């Protein structure tokens, strides 16, 4: 199977935020990970385990302290590669006075998308924001902002999707919609890498999961294997993070 | 590697260009701007002067002080002490902006013809000439004031008439000249003068004043053909 | 190139939506109020005051607009993390930064242009010639100097970690920028080499904004306005801005987004 994300011996050490202090904090340590084309990969972990750190390092928002990252066989600093990537941060925020359409237009311009109007409207419909195209972000609820965050990640039909807690802030119907969107994308051959706290959803859609614990990554396993061995992802998760 | 070297040479050239142009432009400025323009150890006595000079808004600061002067001069309460602070106010305005020509002309006219302190008027004009040596108009005012003090009416009037030819004379000059004319010219000449002032003056009050004078002369029936005069000021 | 344009458009739009152009209203009220107030008072020197005050307000308000714009953008980028999204899009960091700079410049240009039009109208109504060369040049150079400070603002917003810190430093630069030429003149005859070196460092590092300050010299009788002088200050502006932007890009390339 084709590897789309390859991480080797990745360590990220945070320096102190105050430049005069010398103390450091290890965000993630010695992570090795391969993600295959076309799979949905779930990253689990407690608060502060280092999930977001890993994702940001993969995306080049943070510089790795040591180790190497290859995405689609190349470095993330290569702007060509970024055309095939979508990223939704945790708690996405957009400038208040702009309209949903304008924000997507901005990103569409950066991707240089042809017939962008159609694409934008289509994406907004996909994430369930139809009818709010020309509403200012100021009037958006938290969940609507999350949906817009999803929309901007999908605007370029990415090959790989990085989602940082995509379900947070959504209503129960939103869970289902999001699940459907992800499964649908996956059917079209897209790779999805996401982290989440909602284990029931993870169980429903993921092919493989891995647990991040105190900066260490525990070997990824197939969900089907977990179900066989532990009955549910929840008991697997608790088994690993309890000790 | 080569790219890096190119980058550094480019940056290097930019820095050189930046420094050299800065240096030359500053030299130019030093040459072109008079000494007083730059802050020196004993430049100013007032904080607002130092501040505005340092931050480059001395013209506005001078304007504000000028407005203060207008208020001071407009307040009748100050008339009792014959506007004793006038000279120091003018001095302060022209300290912060020595090119404020109007302060010299208007100020010296007030000092000389209104409150009649000739020495102050002359020293103000002299200050103006020191900073604006090419400004010939100021010499006219100086002449007018000196001859006024010597009571040489003919010369004094001729200087004022000369000053009137410049566009930016204070309106006060117009009135002063009118009053002098009234003392020795024929009513027809005086009315002709007021009609001219009525037409050219930029000052509302002076225009009204001129109008009143004209009407006054017409009513006193000393004028040869009042109709044409009235025609002119319509 | 297209992505740079997209960033410019975005920044301008955002600035305008953030009511940045309200400054224009403030300016109009200022200038019209001022002109009414002095028309009672100032008689013949009215036009001079109008010009002085108008230019002063333009330069001050455009600087305030810059501060506001930088504050809002920095706040969004650092506190609300809008940068995270744009930084993984296929746009080079240098392109983004350049787009941002020109976005700010464009906003300020619109701003200054409209303020100046208001000023010209008032001057015209008051019966003087608004197309006077010195006046036009002064405004042009106000714009150039604000371009220079904007580049410094971009640099600070990249380096600084806190918004108030950035604003404070910018304000400092503005003050020092106007002061350097006086300092240079002050120490020209000084014997003390240490002070001389310190002043020289300030003089070459901090932007020399007083070079562009023609508004003070509207009434001068000397021939300050020489083509060669203008040539040099334009070279100075361009090279200074380029250097500062290059440094900003260098920092920005290495920047991490926590």
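All chains are identified by letter, namely A, B and C, in their written order; residue positions are counted from 1 within each chain.
Here is the rule we use: a contact is a pair of C-beta atoms (placed from the backbone, for glycine too) under 8 Å apart; a residue touches a chain by one contact, two chains touch by 3 or more.
Just so it is clear, the model here is predicted, and its values are computed rather than measured.
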Please identify the chain with the largest separation between its CA centroid and the CA centroid of subunit B. A
Give me the two chains with the most inter-chain contact pairs. B-C
When the mean CA coordinate of each chain is compared with the mean CA coordinate of the whole protein, which chain is closest? C
Distance from the mean Cα position of subunit C to that of subunit A, given in whole angstrom: 40
In whole angstrom, what separates the CA-based centres of subunit A and subunit B? 72
As a quick test, compute the distance in whole Å between the mean CA positions of subunit B and subunit C. 32
In subunit A, what residues contact two or more other chains? none
Which of the residues in subunit A end up touching subunit C in this complex? 14, 17, 56, 59-63, 76, 79-80, 82-83, 85, 87, 89, 91-95, 97-98, 102, 106-107, 109-112, 149, 152, 162
In their complex, what parts of subunit C are in touch with subunit B? 38, 41-45, 48-49, 52-53, 56, 175, 178-179, 181-182, 184-186, 203-204, 208-211, 213, 215-224, 226, 228-229, 232-233, 235-236, 239-240, 242-243, 246
Can you name the residues of subunit B that touch subunit C in the complex? 11, 14-15, 17-19, 21-22, 24-26, 28-30, 32-34, 38-41, 53-60, 62-63, 66-67, 70-71, 74, 97, 99-102, 106, 132, 134-135, 168, 170-171, 202-203
Quick one: which bits of subunit C touch subunit A in the complex? Just the residue numbers, please. 2-3, 5-7, 9-10, 13-14, 17-18, 76, 80-82, 84-92, 161, 254, 256-258
